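In the part that follows, the structures are each spelled out as structure tokens.
Look at the two complexes coming up: subunit A is in both, with subunit B in one and subunit C in the other.
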Partner chain A sequence: MANNNIWNGEKIRTFLLDNIVMLVFLGFVVLGFVVSDTFTPSSFTNDILVRFFRNGVLVLALIIPVMAGLGLNFGIVVGAIAGVLSIIFVRYNYTLFPGLGGLLLCFAIATPIAILFGYLTGKLYNKTKGQEMIASLVVGFFAEGIYMIFILFVVGAIIPVRWGHRMVNPVPEGVRPMGIRSSFEMGLPAEEMTGRGMQDALPGMARALNNIWRMEFVYALAAVSVVMFIFLVVRRIIMKKNPGLLTIRNEPLWAFILKIALCGAVVAFSIYSSATIYYWYYILANTPDINRLDLLPGISNFAVEISRINNVPVVTGLVIAAVGLFTVYFTRTKLGQDCRSVGQNKHIATVSGIDVDRTRIIATIISTVLAAWGMIIFLQDMGHVSTYTVHRNIGFFSVAAILVGGATAAKASVKNAMIGLVLFHAMFIVSPAVGLFFFNDGNAGEYMRTFMVYGVIGVSLGLYVWKANKAAKDKERLR
Partner chain B sequence: MSRNLLEFKSVSKSYLENQVLKDVSFDIRAGEIHALIGENGAGKSTLMNILFGMPVIHSTGGFEGSIELEGQKLDIMSPFDAMAAGIGMVHQEFMLIPGFTIAENIKLNREIEKKSLLNTITSRLFGKRMKTLDFKQMNKDARAALDKLEMNIEEFTLVQGLPIGYMQFVEIAREIDKTGLKLLVLDEPTAVLTESEADSLLQAMKNLAARGISIVFISHRLGEITAVADRVTILRDGELVITKDVKDTNTLEIAEYMIGRKVSIEREICETRKFTDAEIALSVKDLHVAMPNERVKGVEFEVRKGEIFGIGGLAGQGKLGIANGIMGLYETRGEVTINGEPMPLNKTRKMLDAGVAFVSEDRKEVGLLIEDSIRHNIMFTSMNIHSEFLKAGLIDKKAIREHARKMIKDLDIRCTSEKQRTGRLSGGNQQKVCVARALTQKPNVLFVSEPTRGIDIGAKKLILDLLMELSSNGMTIIMTSSELAELCSICDRIAIICEGEVVGVLPPDASPTKFGLMMSGIKDVEEEVQS
Partner chain C sequence: MTEVVVEERFSLIKAFKKIPFSTKAVGALYLVILILGLVNGFSFSRLLSDSLHLFGVWALFSLANVPSIQAGTGPNFALPIGIVNGLLAMVLVLAAGFTGMGFIVVASLVAIIFGSASGFLYGKLMNAVKGSEMAIAPYTGFAITAVFGLVWLSIPIRHPNMIFFLGDGLRHQIPLDYFRAEFILANFLFFEIFGLEIRTGELIVVVVACVLMWLFFRSKMGLGITAVGRNPKFAKASGVNVDRSRVIANMISTAVAALGVIVYAQGFGFIQLYDFPMLLAFPAVACIVVGGASGQKANVRNVVIGTFLFQGLMAIALPVFTRVLAGGAGAGIVGPIRMAIQNGIILYALSRMSKGGK
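Take a look at the complex of A and B:
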């Protein structure tokens, strides 16, 4: 590894092969920007932010099963169902549990349900060793079946529901009501109820978590950069002093300086853009007309636009950060180490005395619980629930996102999840524009999305298996 | 050096009817290097499985006799009991996780947990396994173990990509790191190493023994045994032959003890057949085969027409790779000439077309379509390569039936009818079906690998007689077998393979000592015998 910095043909080839999915997505997003003039920096950033905070925990839920060798857990759908069930229960009794309190109750109710579901799913994975990903797909469909019986039939036929409740299917008077409506609202939060006649209404759960504290994007960006800056410096110090303690042991100086400089630049930009806004608002006492940004000189144009985004749900962000930190912390625990051993080689783990089956079940439970919480966060952001379909694409979209971030069925990290979240949803946002450009039809964007989602899963898994087979074959090569 | 650490007391073990260990007693002294040697099936692995309480022993009814450690009877029911008693083993298959660092591998499932307030709280709340690990201390311990082996590599290097010699040292370091290690078993540790790596391993073994750790050294390399071991125990056919001080013996004697004098199947044709005038049917030059665990690394030999050529040697040395490689089942490089014609390699079909047939050592996976009928098994290769048993492109059932019945009669295959599933036949009859299929191809060169493995003595004789008969009809036969006695009973010449190369070619009536020395890779047998 003496020629660490020299890029030869072979190295470029492996780099391309390892990052092909990410590069294709990046290319797609750039293409979207080039062919379309509808995106402004602010609208695009805003859309990304919304989707980032909406899906963050769901994607993070995938990391621990990958570590434990279970592959990509499409079965987070089961956790999502646990989340929806808890919301149905709390929302049905909305008079008892309004607002943020109700939402917190959702988390509390979803957790035990998800633990049970995760335990059963984990049992199934242990029975289907080597085929966990297929099992996880099927368990999602199977769980959907049971879930539908529950909300269509059991609710009403066995569990009595009130006639005329807004969540229950409407029936003529005197007929026994049965089943949950195909969609329902989560109810506006107190601060959004500004219309007439709403002053007396009970606050709902929509955006209850997000609205606790909203922050301007530039400030959030600056805060994240500062934290990142401290993290990088501390990591560098540990790396120099005691390299055995970290998984990353070799960071070239130029890479470190580049990262530090990037953090610094972001902080500087944040200061600059808020200063610009401050200047416009307070010094000139002149609200910038968003339609006349051409009046502004140069970069301040961009800076002002970015500054107008006041949409960072801090508490949701902190929850995502906490789940990410937990995942990292987990890898440093005995259980995490066992998970990694099991994930790398079940046989060696067994001979070393690790209870492989139990470890795998725990990993599945953690993933399922995180998925349930993730689903609640997802739905509180959306504000309404399509009862029968909302859980359906959760597995596919989350898996696609983490794959785009550079994860494989054998390796996934918080970094992969974060990059994937941004890149995958950027694709989602530019798809209609690309569809419009190539097919002259915005609806073709929907086709593009589907194509990209299943394409990324297919390509990633195909590449992964191809590489694994190649490695196995190389072992049988003549030397 | 005189204190006994471990004592085997009349240990016997049988799997069903098959006795694999008979009344074996010997002892291992504290701080000695004790070599254990024997052919395949001599009982070495069974003995070690007993010592480590492997499930395979207890699920088949345990063993007789007893094992004593420092005068105390040992009750080892699982490998973890053995570990607790201070007995460690380095297997031939490494138990290392490639994505982990050396330190993490050394501490695998013996990780050290951090002592902190946070850990006390989380373990109370979520269970012991949520404690964080003290990687600093783990690295420190690993460093200490590596230092004992005089290994300079950084303890936080990933195992992935380490040379094999280093991996072996990591395995040993793990055993050393376990507290109270008294006895270390090394199973063929030098087999996978280069010469210099093997040298440093032997040195490390001496250092460990000097620290008072006893070492059981399983090896077939007589040179290494005489170089490092204090005493040697020789097993043959499940029986203890002798335990001797190495300084009182030599490689020659050990080889003789290992092979023994008895030949179980007597040779029927007394005078050796001469083939010096016959044309060369098969010539192999610089053959390399990438068969896992049976690598061939440059083999050269010639077989004359009508000859039975034997290939012998210990398991894992590459003897099985030769036939598999020539038939194109594993990646192969070299030169193979059949009846004067150079053959393309890695092309099974071309070999079959040239009239080469192969009876595989792996009857159930490669040799037979186990779910299919006898008649289909007999004819399918022929049908594919010669388009036989076909009538206007359709299967000619009548021809197949007649041919199958003839084969069943000729080879005396015991079955209900030619339609019986081969999976239901006994091992010997399955083997006969394999041979019948090979014969249906009408080959001029026949490779048979382990033709008598797992079949009873009567069937054994039938198969060997059949091969003999085919040979006298002019077929060239290359027979690979782990049983030396069987090779000696019918082969005209026997090549002994060690570490992927031909050590030498011996006549069937050569002395057992010569065979024994060659199996250990000693080339200059005559010199050794004279000295």
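Take a look at the complex of A and C:
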């Protein structure tokens, strides 16, 4: 493959094989757009944005275990359960801290629980070395069983709960209450309580993080793309001045120009649309009889469409960015380097004095804690908790997302997570339409979606192992 | 186990120590629940009947793990592949107008053909991903289950007792009594003794399957498969075709699973479609591990002991817990307990596997 001719057949084949999952997903999404006319650019963007901010941290939680050679950690379900437990606790005593305070309390309570769970899970992974992928799947089911026993039976039978509490299963008077209800609300935030009869209701934690600061989407896009543009240029300059300083591979010129061009296009688009929408908002503010943007005379379809995209939660975005940056920073620390060595070769790591088991446990703990936080962010956005099922698919969906983004069982990056988040959830959004088109049945989309989730996990993992086996065989043949 | 006791009567303690931990733990739990049930007014024969019933319908699923474990591809976490083949066979045979015993026989034949064919493909897949079979298998099973969700929705069968009342597609549950095909095996030579219900037909099928499996692993091919599972390099050196043995083992495994779902469906009186096969592999694996199998070694004895103890435990836990724990929590608690025990047992097997392996 080390050939000077860039576009020979072998290279194209390798490219296709390496990116087959991503390409299939792209094709599926395009197909969805072709066969259905229900998607407008704004509604589609809205759906993607909601899921991006909801799932961001959960998907990022998968990266560090991959680095430490643990494979894709389906066991983030355990972390998600820690998150749900903390929310149950805070909602049970909801009068203590409504709003953001309550949410912060959730984070505070979830952290030690997740550290404990992560420690135990890490211990288990050390006992099942070489089988972590199936062990992490099964440990999720195991944790679900324990969790259900806890919230169904232990709460009530051993930990006393108040009769008639809105979180507790209703029972006739005089009977000992047992178990948490199958679903409960996070409670509307104070700023969303505008309806009638809401004056006496207690404010809750739903969207407490999202509502701190919301920003027009195109403004945020402009800010992010400008930062990205500057970052790309500065990185290129540093790389040229002293190569070897950064640990990334030397990028060829055409790749750099492509990235700059793409980024520049996004910058131009977002600044143009920001200016347009700003102008029309200004006009709207100065037109007293009209209170809706699309009723303004002379407004373009483009501006209306842009205005229909919901505002983005800036703080949630910053949290996702912070977790992403932490993951990148972590790889540069001593611990991160240890993780890498353990992931590459356990024997060499042991010989060079790294405590393999300890490193693996720490990687699992970080992943579990991030998953717990991710779950709290997920649920504050949903605003509604299905106590017994909400954690169930977290592992599958997050793993599928990062695999769609191009990760493998041995390599995952923040970039994979971000691409995967968008592409995977785009599939999720279009699949009902595709199912309806091909099978003329509303349920078909559901099965198609399920198939895509498990199919992508099976195919990506399978292809990776197959390639690795083939490479090993070729090596043997050469020897 | 009884053999051991007879041979070394003088050292019962030694024999007891030889019983694997998982068997002891679940066996003890079974006894506890049994005693709890007897104290609370259940009859012994009723509890034993329930245990035997679940043993009969689950034994083949658990038996399907034997060839795959012996061939070194690990427990068959892709059991749903076999199950959907069995379901497809039943659906097609019902649509073709078979009823009663004819339905069972023809569906079994079709299921074996379908199961072997897809087991062949699955075996090829397992050969392509050597070393990570267990990581890939569950998702293969899940994905196939989802694909068959689409198949059940779009299959062109218009039998009024099989499709939804409104719209196209097969029902989630197809009752077999419309086809006079329910409890066929269960009622075959059925008899009661001291209140203990013996579903002879089911048990005959299970015994025959177990004996055939036992015989197979004493044949040349079976021994070859065992050798491949123990040490592939050694097996190759002694002239066994490793890849072919693994494919054959997975064909048998998938075919047995396909047969298993026919026994299962007649035992409960209806065919369940759509999401039903999704998570069935895990209890089946738990069964065989309870019987003392490990990730690399399994035999028919493990299947019989494990399935009886584990499924028996589940069978008696539901009525006993419902009576003991008043207030409605009893019925709901059995599912989570099953989940915790079943997956805890699988984790136990996995932890032993890597210790014995490398």
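One rule holds in what follows: the second predicted complex is superposed on the first by the 441 of 479 C-alpha atoms of A that agree within 3 Å, B and C clash if a C-alpha of one lies under 4 Å from a C-alpha of the other, contacts with A are read in each partner's own complex, and residues count from 1 in each chain.
By definition in this document, a contact is a pair of C-beta atoms (placed from the backbone, for glycine too) under 8 Å apart; a residue touches a chain by one contact, two chains touch by 3 or more.
The model shown is predicted, which means the values in this text are computed figures rather than measured ones.
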Looking at A:Ile63 after the superposition, I want to know if it touches subunit B, subunit C, both of them or none. Which is it: first, second, both, neither? neither
Touched partner set for A:Gly353, first subunit B, second subunit C, both or neither: first
On the A-aligned overlay, A:Lys475 touches which partner chain: subunit B = first, subunit C = second, or both, or neither? first
Looking at A:Ile146, would you say it contacts subunit B, subunit C, both, or neither? Reply first, second, both or neither. second
Touch check for A:Leu105: first (subunit B), second (subunit C), both, or neither? neither
Greater subunit A contact set [subunit C / subunit B]: C
In the overlay, answer first, second, both or neither for which of subunit B and subunit C A:Arg332 touches. first
Touching residues of subunit B toward subunit A in the complex: what are they? 79-80, 95-101, 103-104, 108-109, 111, 113, 128-133, 135-136, 139, 154-156, 288-292, 330-333
Give the list of subunit A residues in touch with subunit C in this complex. 71, 124, 127-131, 133-135, 137-139, 141-142, 144-149, 152-153, 156-157, 169, 171, 175-176, 178-179, 409, 439-441, 443-444, 446-448, 450-451, 453-455, 457-458, 461-462, 465-466, 469
Subunit A-touching residues of subunit C, taken from the complex the two chains share: 77, 125, 128-132, 134-136, 138-140, 142-143, 145-147, 149-150, 153-154, 167-169, 274, 282, 295, 325, 327-329, 332-333, 335-344, 346-347, 350-351, 353-355, 357-358
Within their complex, state which residues of subunit A touch subunit B. 242-245, 249, 329, 332-335, 337-338, 340-341, 344-345, 348-349, 351-354, 475-479
